[in-house]
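After this come two complexes, each holding chain A, first together with chain B and then together with chain C.
The block that comes next holds the complex of A and B.
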């Protein structure tokens, strides 16, 4: 995607970064990608996290960059998206990709008027433990508990990880009968799931 | 052949309705299953919905008994066709008003209403009409033409199985397995070798650079692109030197071919860029 600032913004950032960036090596652990939406809350030393608010519900109305979200108990919460908000809907997208009826999980900072200025928004994100029941070129047949489910394979978006390996777009190791964890974006229109990541043997 | 089909229709339909009717009338999970159907909304009560499902099951059992015991009479066939038409109406209503609701058709499947449910209900209508036209008892026909009857029963059972999601485990999955074996893995070739962005993000999140920048980063991935042999990953953050917060762009750059399989110590460029001036913020994240 070209991002909300376009190509020009990218070249400004690129030259700024290549000019005087710190290079950091070595490794450690952490995470703030789509997985983080499901991570168990844990105490953080970062004061920003302790100030974070969370909103989880369905988008009932969109007005400009403000989303009216109805939580499961019927409470309405206003979620404000800014240029600094990341929006995930199978991949990194812009705020325009959010539609009425979408499920939404947002993390942000509560404003004095009760709305939440979102830092990160995950749209229609689902995390399922499934069994692979069929493999086709563009979709997987999955069973989840007693239900069957179609998982769509989206070119250049769907990735897989086998036995703890790095994410890859090569799905050829996938087999019928595999137990897998699927992270993806639910499609309300036909109740299928666009697969972002399928992890096998973890 | 046509008369053989109509004469055996009561047997096939009778066994089918006996099975689905018994499931609904006596099944232990019926209460839980009724909760997922559109009946709950129509009857406004889970217990009434369960009762409705059990009564439907009982009616199916009575019709099944009629079909099996008195196959040469018209009434059981007509009753079955009416029952099938009722199922079709119910499915149409549920599909139109609550597409996510469960079908409740066979007392086993919890899945939403699919075209297979409609075909199955349609088969009950057709089967009922055929059964109403039966002139000879099925046991007499079966005794007269044992081979043809058996073949017909096998074909009819296969057709019914194809339209019943409960039986997928028995035939559909083995069929798919065989297809993979014969035609090869459909996802085996033609995939590009490029490292997915998700793999770069995964590598970044295991790096020291990420841990060092974590107090500043607020958003998830906002944008990504490749330039000058680097893959750039853009995040938004807040830099608070001495309590004065200012919005910054946090830019990470790493080797676009690196994954956690190829390196566990990735070199990552980290830059903070002030959003108001677009100038890099001089800061030592490791300090």
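The block that comes next holds the complex of A and C.
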């Protein structure tokens, strides 16, 4: 796709990855808008390059700009980050925020060596249907299926939507027993979730 | 089954995880059809079975989509970007009746009610996972 930046994003990815340069954060090409990058669907990218690829797993090792990701069946996939890669971890972050043990979904282009040059990486992202079981100032006690879960309210980050209304930082309408969907970032260290958005249904 | 171009429905799509995965998604199971995997292009449909319909109750929002069973293939297209992905139905959902009145818009045009849920692989093929919701057209 040739976007408003005038850069063919997929070409940037492939040339950066094939060139073998460690360019995370270098931004030699100038900044690419992170939100636009996340929203850019793969099918609209340059069709001359092979089909898109998707990786779902946990980071077992980080070497330079390459993430060694272990999928649920034990398969290792190498995910290569370039300066065209957008990284989300509760919010848009730099590649340095990715840690060993993190879970991730990566979207990108499969390279000849089997690695994936990622255009977008969502780290620890979850989107869970929950029921509110308890409310504290800085956290919510939630049930998710048969499991319990702590949802952390993050200052200046957590927003809520009630019955389809606009997003608000005011969580005072939240009640015990509410059914909701939580979009957030899982924290591997304690199994809690930092809440980006909680959407309360009827 | 083919991924066709006959209009089937329209509305919002969200995303959900299934199958063996990490974090809270590790306990979600493989869905109503027993085949659902986050890393594959799959979806949940509110009228997968009569039992499913009784739970999701889309009619409460005025949505009466037809029944499509496990293994059915539909195409989901982003309303504005035109990006599309073909998905296999593998679970029951979303719980449409919980979100009556909710709408998601792009370029000034909105779609109402959650009518399909996509796996992360499928959702990320047409938009950003961090958006949580997308307005879509569905074809078969």
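FYI, the second predicted complex is superposed on the first by the 151 of 202 C-alpha atoms of A that agree within 3 Å, B and C clash if a C-alpha of one lies under 4 Å from a C-alpha of the other, contacts with A are read in each partner's own complex, and residues count from 1 in each chain.
Operating definition for what follows: a contact is a pair of C-beta atoms (placed from the backbone, for glycine too) under 8 Å apart; a residue touches a chain by one contact, two chains touch by 3 or more.
Quick caveat: nothing in here was measured; it's all calculated off a predicted structure.
> Could you look at A:159 and tell me whether it touches chain B, chain C, both or neither (first, second, both, neither)?
first
> What is the contact status of A:176 with respect to chain B (first) and chain C (second): first, second, both, or neither?
In the superposition, A:176 touches chain B alone.
> Touch test for A:120: chain B only (first), chain C only (second), both, or neither?
In the superposition, A:120 contacts both chain B and chain C.
> Would you mind checking which one, chain B or chain C, touches more residues on chain A?
Ranking chain B and chain C by residues of chain A touched puts B first.
> After superposition on the shared chain, which partner residues are touched by A:168: those of chain B (first), chain C (second), both, or neither?
Once the two structures are laid over each other on A, A:168 reaches chain B alone.
> For A:128, using the defined touch cut-off, is the partner it touches chain B, chain C, both, or neither? Pick first, second, both or neither.
second
> Should A:85 be classified as contacting the first partner (chain B), the second (chain C), both, or neither?
After superposing on A, A:85 lies in contact with chain B but is clear of chain C.
> Once the shared chain is lined up, is A:191 touching chain B (first), chain C (second), both, or neither of them?
After superposing on A, A:191 lies in contact with both chain B and chain C.
> Check whether A:147 is in contact with chain B, with chain C, with both or with neither, and answer first, second, both or neither.
After superposition on chain A, A:147 lies in contact with both partners, chain B and chain C.
> List the residues of chain A that touch chain B in one complex and chain C in the other.
Shared contact residues on chain A (touching chain B in one complex, chain C in the other): 88, 120, 122, 146-147, 191, 196-197.
> What residues on chain A touch chain C, complex-wise?
Answer in residue numbers: 35, 38-39, 41-44, 52, 54-58, 71-73, 88, 103, 105, 107, 120, 122, 124-129, 144-147, 149, 163-164, 179, 181, 183, 186, 188, 191, 193, 196-197, 199, 201-202.
> For the complex, give me every residue of chain B touching chain A.
Going by the criterion above, the answer is residues 100, 109-112, 165, 168, 172-173, 176-177, 180, 185-189, 191-192, 194-199, 201-203, 205-212, 214-215, 217-225, 227-228, 230, 232, 234-236, 238, 247, 249, 251, 253, 259-262, 264-271, 273, 275, 278-280, 282, 284-286.
> Can you list the chain A residues touching chain B in their complex?
Spelled out, the residues of chain A in touch with chain B are 1, 3-5, 10-14, 16-34, 36, 45-46, 48, 83-86, 88, 91-92, 119-120, 122, 133-137, 141, 146-148, 153, 156, 159, 165-172, 174, 176, 191, 196-197.
> For a test of understanding, state which residues of chain C touch chain A in their complex under the given definition.
14-17, 19-25, 27-28, 38-39, 78, 81-85, 95, 97-103, 120-121, 124-132
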